[in-house]
Every structure is written in structure tokens, then in C-alpha cells.
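Below is one structure; the comments refer to it alone.
In this document, chain identifiers A, B, C and D correspond to the written order of the chains, with residue numbering beginning at 1 in each.
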């Protein structure tokens, strides 16, 4: 832990998150909101990044994003719990448990099959939610203001700071994981599964661990999104386009760093806000063009661009 | 790429800061301009039949009021003297996106009020945020009764009735015209609106037409599925001859096309609560003899004749957009009217340009003559409108070469709407106590 | 323990559909032995290695390692049991540097459970790796990415990674295949000295008779999935059947193994 | 009895619809290993063009049956123009990229084309009911059916036969099979893989467009009606085995019949029956029902 905090990159990340938290005192609400959405979504993207480093991409993480969000909503409407920490803890737990179970199936698959099977699972959840009135059907639920140990903040700023803090902790933990022996297998597994097995470690298990990590993060992201927005519903939390968005941001951000997902997600929020405001008839066109632009001219994602600006050329492995 | 993104961010920060300053120093003195967000489907399947006609209705009325060219009693210029600058926003993209966009409207674009919302999903999700951000928000079309049943709203008003009225009126029309039917079933989209609509119709039928039996297999196809072959077969095999449907937009049109070729409308009595847009669109292709409603005194039901105001509206709309105004055009138009009235009254009382609270005070319980007839915000603590709901039967007018609705029958709000303080569901399950239409 | 064989294979069978890749194979290997397995391509050498190390499930028969039945266990279990192997085509992490490859291997060999969460760059491990790199004379390539290495160096890395876990039985699958004539003896000297010092038991599959002659105590010759000879090299390499069915074609087509296969299977 | 017959008929009709939609998708995947999200755009553009031309023909006072030429014409037009454009301008540059990236690129193309439709055709729906009206209806198993959706079945069979014939009986088809089997080897053998890819993509695109064009008369062609088609198509292709024509066929029939059965017997399951099938199939046969099971790495 301590040696992690000593690293230069981590110092920078810490600084950036601190700055973001402080910025909420001066920035106008709508920017703070978009930042908040960005940070929340960024957590899910961070999860996908962990998978992507292994060469796996899930087209169904909307499943866990939605589970997290719905856990928060249902916890309120059925149990009446609105506490920040309980909400997040519950969201993470539910997502991670489901991820752990499905992991036993998914860890056997690679490439496009992994992607499509995840998609199928997420669409089954979508069907169930859209169908069941007890789960709010397509209207979903509104989520009321988050309380912190019984205290009801007047505005969303405390929530924003909390989310920023959580995001930071998550980044550090993922960083520790990626640096660890286990995390290092990421590249190993992508390169050569046979060798990993003959080094005495189970590839399936390594992938399972990664998968659960990514689902937990997606769950946290969903829960925070629900709190930030005050609304959950299947179409904007579970549908395949949601999963697609997450993958989109992952590619846009690039695999270069654990900080990239958050930069990518924040940029995505602003991109969408402006596209939507400037061209209500053609915002998909703008988003689509950006996607192609990134794929063609920024293979390493936005992070690679930042690195070029920093002059420190090639991708870091962690 | 970075340049643009940096520019983007810089622009964002600057405009944001500017906005906050504006906010801190906003005078309640006379304003010559107010900014109002107008939200409706500008893309996606609902744009054609709902979003764009709604948007046009709003635009038409706004322009007329700004110029002061509307007939009495709305011939005074502007809104409390101010010109209204509309900001049109697309409602498509899911509820979550709508919440985000609503926040942007209020916090980024600094609108003074928001008018709109067609889908029950988006209005239900936006309402709490409206109260949280304390911005006057007028729901124009959205039909979910839950909007005010989940508790009082401080800043949200709805200037049109909701699904309970539609379903009750539909089953009343059945009682009046098809009392001897044996059974009823339905085909509704598999999402909250469709599920609610059929549930209400089902309950109303049980109260009003106890001798007509319900089918075991009402259909709930996926919304915008487009292919209804299988559902049509199932309905055809079903013995029930009444078929209720809250289909709208592309689905009603696709269903009618696929069903009419299969002679469906000859065997079954189709009851459509929301399909009026298809009647104009499909013209002669739309079968005669379908029970059709427009959720109130709107659109094709009152297209011909009506008040001077209505005639002005129909003519002005046709001149500007080359088509008849549809239900949504009326509903968006009358939402704008309501805003003007409330602002004018508030200004009168205050003697200066009114602030939002003064406007809201006037808005509560407001009642005004709309194009179709009287609308009064008499429910949900003066936030929810009630008005008569009517149904008729589709027909084709050969001279005019256009579709018409005959045998139109309107049912007063006291008879189709639950009394204040009761949720639609409770009321229907209790057998509609207090309804003036119970025999 | 001493007189009991470290590896004991009894009646091992393997069939792929109609093809018989191994038929009634019986081998006992005693601790410390260096065994060379020879045979034409498709004679079943690699199949045998794959079965012993759990990559392939045997169709019949049993494999005992240090008196414990390891028939059909997963590769990683075999590794845990104390076996290890190298590959005909080097299996290394192509996008990692030589050092990172070795570090990964070493860390996985040394760590279990929660200690797997410790960062991989740890002084202790790094030092040990440096030592190994020196020992295998590939220290110069320390930070080179594996994909850019020459066949020979990659082989050494592959073998080094197989050995870091100090296996008690090591199976080398054609350690010199794809390696230039100049490199091959160098490589074998390095590897064998390393293994001798550890007292590791070694089975290696080899095409090259010079290598076999020079390094092994015992030769096992395969032909169409069967053992046709099991004897010390001096004796085995003059055995007529071996000369005809293995070396005969080896010499005639030492450069193109493929053509040889056809002859052998003809 | 009647019910069983009706279910069978409904199932096969829906299956035909699914097959027409997914055939192009699976061919493109088989040859180019591209999971083409933009297939939905081909479908949408096909539908819009055919709706537009059918409408025009009707206005010109041409007899209803000319609509069928409008349909075929639009399919070919869209397939050729969009297919060539996308393959030449975008996909050609990414063949060496990761699968995931290509999928995303096609997703981007899809987003763009969605809005271009909006800009070109506007938000109001288009109708092209003339061909369906022209064919009228018949009585089958106790209920009336429109002949048009029965011809859908015929069309599916024709496409299936043509694909089979094209792949197994023509020189070009053999080349295709070679490429599907092993790209590198085919290149080495001097097959012009580039040309094969272009041709395949155009054919796949045309099939996608044909799906939309042929469905157009039965629906109201409105913005955003292609989103579901993509997921449906994917599901079918994955169930059948990606890249396998017989797979797509069996997948379509399986899903079609199951859906018909649920709609008739337990409507509440309709919404996600297809994805349950997909999950189950993938769990027991990851490569789908038909695609040859690849040797696992470990």
C-alpha cells in the first residue's frame, strides 16, 4: 500500500482526484453533475479495462451496472434505506455475487463468445425488469436524495465528494491488483494461456477473479449513477446500448492507465451534453463520428494522446 | 481532438461561471424575455405521430402569443409582457438521459420553465428532479396516473388528463354501443404504459360491463416490435370480439396494416385509445368502424366546428404545417396557454413581473378555456388537470376525401376520473365509487 | 524412495479417432536419469509428453509420479506435483520482456494465496532472476521483448521458465528444434549443466542423434505409437530396427522432417 | 389441431423473417470475421428506400405489383452503394484490428447512418402497403392470413437455396469456402481475398437491405425501427453458429417456433425467450449449434 502511494503516477492521480473534489466548490452545478456522472460511469469502465487487458471484452456489463442501480432503488422502496455507504455496499455485493456465479460459466469462453454470452445474460435481466411491475417495469423507480449517517445534505455536493473519494479508492485498489503477481497474469493470459497453466496457475481462476472485480466495479458504478441521477430504469441501465456505451468509453479512454477510464467517461458526458444541445436531431451522428475518429486516429485512446503531450511516448503496462 | 475537447471544457467552464453570476444577480424587475424548454420526441419512432405535432402545436401558440395575434381571451401580447424564447429538446434516449438533459436545461441553459414530456417514463423520472431543482415544469401529454399519486409535487403541473380517464371512457363507450358483446381482450405494448392501460381498462370493464368476460390471453408484444403476425393469429383464435389497444406511433400503424389485410377488423371490434395519428396517416387504408379516442377534447374528435378558438387553431396549424393538428398539438398548445394565463394573473396581482412562486400560486387550481373546451387543474392539489374524455367511430367522408369520427360521445370528468385524493387503481378496484356514470 | 521409480508409466494408450498415437507404453524412470526419447515425426513422442504432463487425457493405462497416480490430472496439478515441461515451439509471453517472463514464472512458483497480491518487482525475486539469466547466459537480453528474440534465446527462456519451480521431473520437447547448428550444443550444455547441478530427472524428446549420444544415459525409441527399443545409447543407436525406422530416415531427411514422416508411416 | 397448425405457420413466418435478416450477417461474419452492427442500417435503408419507391410508383399510378420491383431494386441499390462505401472507406483499413474494435467501428457507422436517415427522410413514417394489399389474403387453418407474409417464407427458402448453391456449386463459392476455412492459406494459394471480401460484404449488405425492403410493406417505416433487428439477428446467428448458413436457418426456425409457441401459450415470456435460448445454447455449445467446435486452447 505505502509503496504504491509512493509511485509518481499514483501521486498524480491522487492530486487529480483531490482537485476534482475541490473544484465542486467553484464549478456550476451542471458541470459538477456531469463530472459526477463521468466518475460513476468511469468505475464501470475501469472494470472493463481490467478485463480488456486480458483480451476479454464484455458486451453485457449493463447487467451489473443495472443490478447496482436497481439494488439502490429497491433498497429504498422496499426497505427504506437511503444511506450512502449501505447503498454502495449493497450495490457492490449484489453485483459481485451475481458476477461470481455467472463467472463459473463465462470463464470458459474467450473472444466474441465471451462478449455475446455476456450480452445474452444482460438481455435476460432486461426482459425480467421490463416485464415485472414489482420491479418498476420500464418506468423504473425514482431514487430520493442520499443520506449520510442520517444526515440529509441540502445539495448533491457531499455525494459528489463521496463518489470522487470512492473512485479514488477503487483506482488505488485496482492499481495494487494490476501490479500484483495475479494482476500481472493479465498480459500473460492474453499472450499464452498454455504457459500460465504450466506455471501452475489456473487460467480459468485468474479470469474468474478479474471478472468478479469488474462486476463489483460495475455494480458500484450503477449504484452511484442511480444516486447521482435520482432515477433508474431498464432502458438506460441494462439495455445492450448501455453496455455498448461502456465498451465505447473503454476504447475511447484506452488501456494505458487506471486513470484513463475516468478521463474518458467525463469527456463522454460532456461530448454527449454538447452534441445533444447543439444538434438535437443529429447527436448520434456526432457521437458515432467521434467513435470512428478515435478508432482510426487514436488507437491507444485519449490516454495515449495525453502521454504524447507529456512526451513520455510508449504505453505503460500498468 | 484535444484542442476541441479542451475548447469544449473551457467553453463549458466559462459559460457555467457566467451562468452562476447571472443567477446570483437576477432581478425580479420586469423582464422582456423568458426562456422555456420545450421537450418532445424529435427523433425515434414517436417523433412523427407525437413529438413533432406536439412541438409544432407549442411553436404555433408561442409565436401567436408573442405577437399577440391570437383570438380573445388570449389576445394580449406576450407572457406577463415578456416574449417567450423556446428551447426545443429531444425526448428520446431513455429516462436516465432525460433526467440528465433536464438538469442541463435548468442548470446550464437557465430556462425559466419547462413544458413537455410525452412518455410516462420520462415524466415520472423528471418530476422529482423538477421539485429538487425547484423549477416550474408543465407536463403536457404524459398519461401515467402515478405522476401525482406518489405524493404532492411542488413545481410540477399536468395540463391534461391521464390513462384512467381513457380506459374508463373506453369501457363506458362499450357499455353504450356494444353492450351485447361476449368477451374482450387486448393488445398492448409490453412496457409500463401498455401494461397500465390494459389493467385500468380491465378493471373498468369488470365494473361497467360485468357480463362481458375477460380473455386469458391478452397480448403484450415488445414495443416497436413491428411484426405482429403471431399476435394477430392468437387474437383471431380468441373468442373475445372486443380488442382493446393503447398502441401508438409505428406500432398502431404496422398493426392496422398487417391486421386489415387479414380481415381482422371485420371479425373483431377494435378499440384504440391512442391511435388517432394513424387515422390521418393511413387515410383510406384505416378501417372504418374502429372505436377511436384522443384522450380528451382534442384532435380529430373536435376537428370540425367547435369554439372560435378551436377553428383558429385548426386553420392556423394547417396553414403553417400543412396538416391537421393532432392530439399532442392541442395538448402542447394548451400547456403554453396555461403558462400565459398564470403569468398574466400573477403579474396583475404582483404589479411587477412575477417571480416563480407567484406564478405557481396562480397556476394552482387554474382553469381555462382551451381549444377543445374547459380544462381545470382540480386534482393533485390543483396540479392535475381534469376534462371530459370522448370516443367515436372511424369513418370516411367521401366529399371531403378525409377520415372522420362519427357517433362521438364525451364523458364528463366527474364520471371518468377518480375523485381527488384517491389513486386511480384504488378507485377502479373499489368499483369507481362516486362516478356519476354508475347506473 | 530410492529404488522406487520417480515416474512409472503402465500400458498407456492414446487414440485420436482411428489414429493410434500411443499403444501399450510401459516406462519406468529412476531418479536422476537423463532419458532421450527418439522417433520419427508422428511416432507419438510429443503425445507421450503431453499425456504425462496432463495436456492430453490418456485413453487407457496409468501414470504414477513418485508413487502417486497422476493419470489425467490438469497441467497445473502436474506442475504442483513436481513435474514441468518445455515446448517444441517455445511458449513464452511474447509481449513481455525476458525479465518479466522469468519474474512471472518465479513469482508463481514461489507464491501462494494472498502473497500473490504482492507486487511482482520485488528485490528478492529480481536478484534470483538475475542469477538465473546469468546461469542461462541470456542476461544480455534482460529487457528485450520476447517476440523479438532469436529461436535459441527463446528456447533457453522457455526452459528457464520451466525450471524455476525446481521440478523433480522435467520433460523437454525437442529443446534444439528450430535452433541453428551453431547454437544447439551451446544451449544443451547450458541446460544440462544447470539440471545436473539440481539433480533433476530429465526426459527429452530429440531428433538430433548427436545430441542424444552426447547427453543421455538411456534411449527410448518410438515407432507409430509403440516403444521399439529401450536401452543405453551405445546399444540403442546400433539396434537395427532403430537404425531402419528412426535414424535411417533421420539421416536421409535430417533437414526436412516431413518427408521422413511419410516414409516412417508408409 | 388448428392451433398447432397456426403456431407452426406463425413460427415459420417469423423464422423466415429472422433468417432473411440474419443470413447476410452470418455470411459477412463467416468470411470477414466481422460482427457487423451496421447490418441494422442496411435493413433500415432498405426499408426506407423500398417504402419511398413503392410510394412513388403508386403516385405515378403504376399498378400495385410494380412495388415488388421497387423492393428488389432498393435492396440491390442499398447493398451496392452502402456496402461498397463502408467496406472500401472504413472496414478495409481495419482488417488487422481486434474483433472488438471492428464491432465498435460498425457500431459507430450504425449511429451515423441512423441520423443520416433522419436527415434524408425526416421523422414522419413511410408506408408501402400496396404490395401486401395486392396479394390479398387466404383462409388457412380456420383463420385468415395475408399472402404476403406467406411469400416471406418462399423468399427465405429461395435465399437459403441460392446460398447453398452459390457456396457449393459455383467456383466463386468454393473460393469463399477456402477463405472461410483459412484466410492465410487462401492468400498463399493466390486467391484474391480482398476481392472476395468486397463481394461478400456487398452480398451480405444486399441481403440485409432485402430484409428491410421486403418487411417495409407490412410496417410503418419510422426512425429507429432497426435497433431491435440487430439484437435479433445477432441472437439467431450466435445460436446457429457464427458464419454458418445452415446454422442461421436452424437458429431462425428454432427461435421462430419457440416464439410462436410462447405468444400463443404463455405471452408473458415472449419478451426474452430468444435470449434464454441464446444463453442455453451458448452454455452447452459455445460455438453455436452448427459452426465446427474449435479445439480449445487448454
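Going forward, a residue touches a chain if its C-beta (ideal position, glycine included) is under 8 Å from a C-beta of that chain, and two chains touch if they have at least 3 such contacts.
Computed from a prediction, not measured in an experiment: that's the story for all the values here.
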Checklist entry - So which chains count as neighbours of both subunit A and subunit D? => result B
Item to check | Innermost chain, where centres are averages of C-alpha coordinates | outcome: A
Item to check | Furthest chain, CA centroid comparison against subunit D | outcome: C
Next on the checklist: When I count C-beta pairs in contact, which pair ends up with more: B-D or A-C?
Outcome noted: B-D
Item to check | Where subunit C and subunit D are represented by their mean Cα positions, the distance between them in whole Å | outcome: 51
Next on the checklist: So the centre of each chain is just the mean of its C-alpha atoms; given that, what is the distance between subunit B and subunit C in Å?
Outcome noted: 77
Checklist outcome for this item: Note: subunit D sits from subunit B at a C-alpha centroid distance in Å of 37
Item to check | Interchain centroid distance [CA atoms averaged], subunit A/subunit C, Å | outcome: 44
Checklist outcome for this item: Two or more other chains are touched by the subunit B residues 42-43, 190
Next on the checklist: Quick check on subunit A: which residues sit in contact with 2+ other chains?
Outcome noted: 130-131, 194, 197, 281, 283
Checklist entry - Multi-chain contacts in subunit C: which residues touch at least two other chains? => result 75
Checklist entry - Quick one: do these chains touch in a line, a ring, a star, all-to-all (complete), or other? => result other
Checklist entry - Can you name every chain pair that touches? => result A-B, A-C, A-D, B-D
Checklist outcome for this item: In the complex, the residues of subunit C that touch subunit A are 53, 55, 74-76, 79-80, 84-85, 87, 91-96, 100, 103-105, 107-109, 111, 115-120, 161-162, 165
Checklist entry - Which residues of subunit A touch subunit B in the complex? => result 27-31, 33-34, 37, 130-131, 133, 136-140, 142, 144-145, 225, 229-233, 235-237, 239, 267, 270-271, 273-274, 276-277, 280-281, 283, 293, 297-298, 302, 305, 309
Checklist outcome for this item: Residue set of subunit A touching subunit D in the complex reads 52, 57, 105, 108-113, 115-117, 119-121, 123-124, 126-128, 130-131, 193-194, 197, 203, 240-241, 244, 247-248, 251, 281-285, 287-292, 295-296
Item to check | subunit A to subunit C touching residues, read off their complex | outcome: 3, 176-177, 179-182, 184-185, 187-188, 190-192, 194-202
Checklist entry - Of all residues in subunit B, which touch subunit A in the complex? => result 1-2, 5, 8-9, 12-13, 16-17, 19-20, 42-43, 88-90, 93-97, 99-101, 103-104, 107-109, 120-121, 124-125, 127-129, 132, 144, 146, 190-193, 195
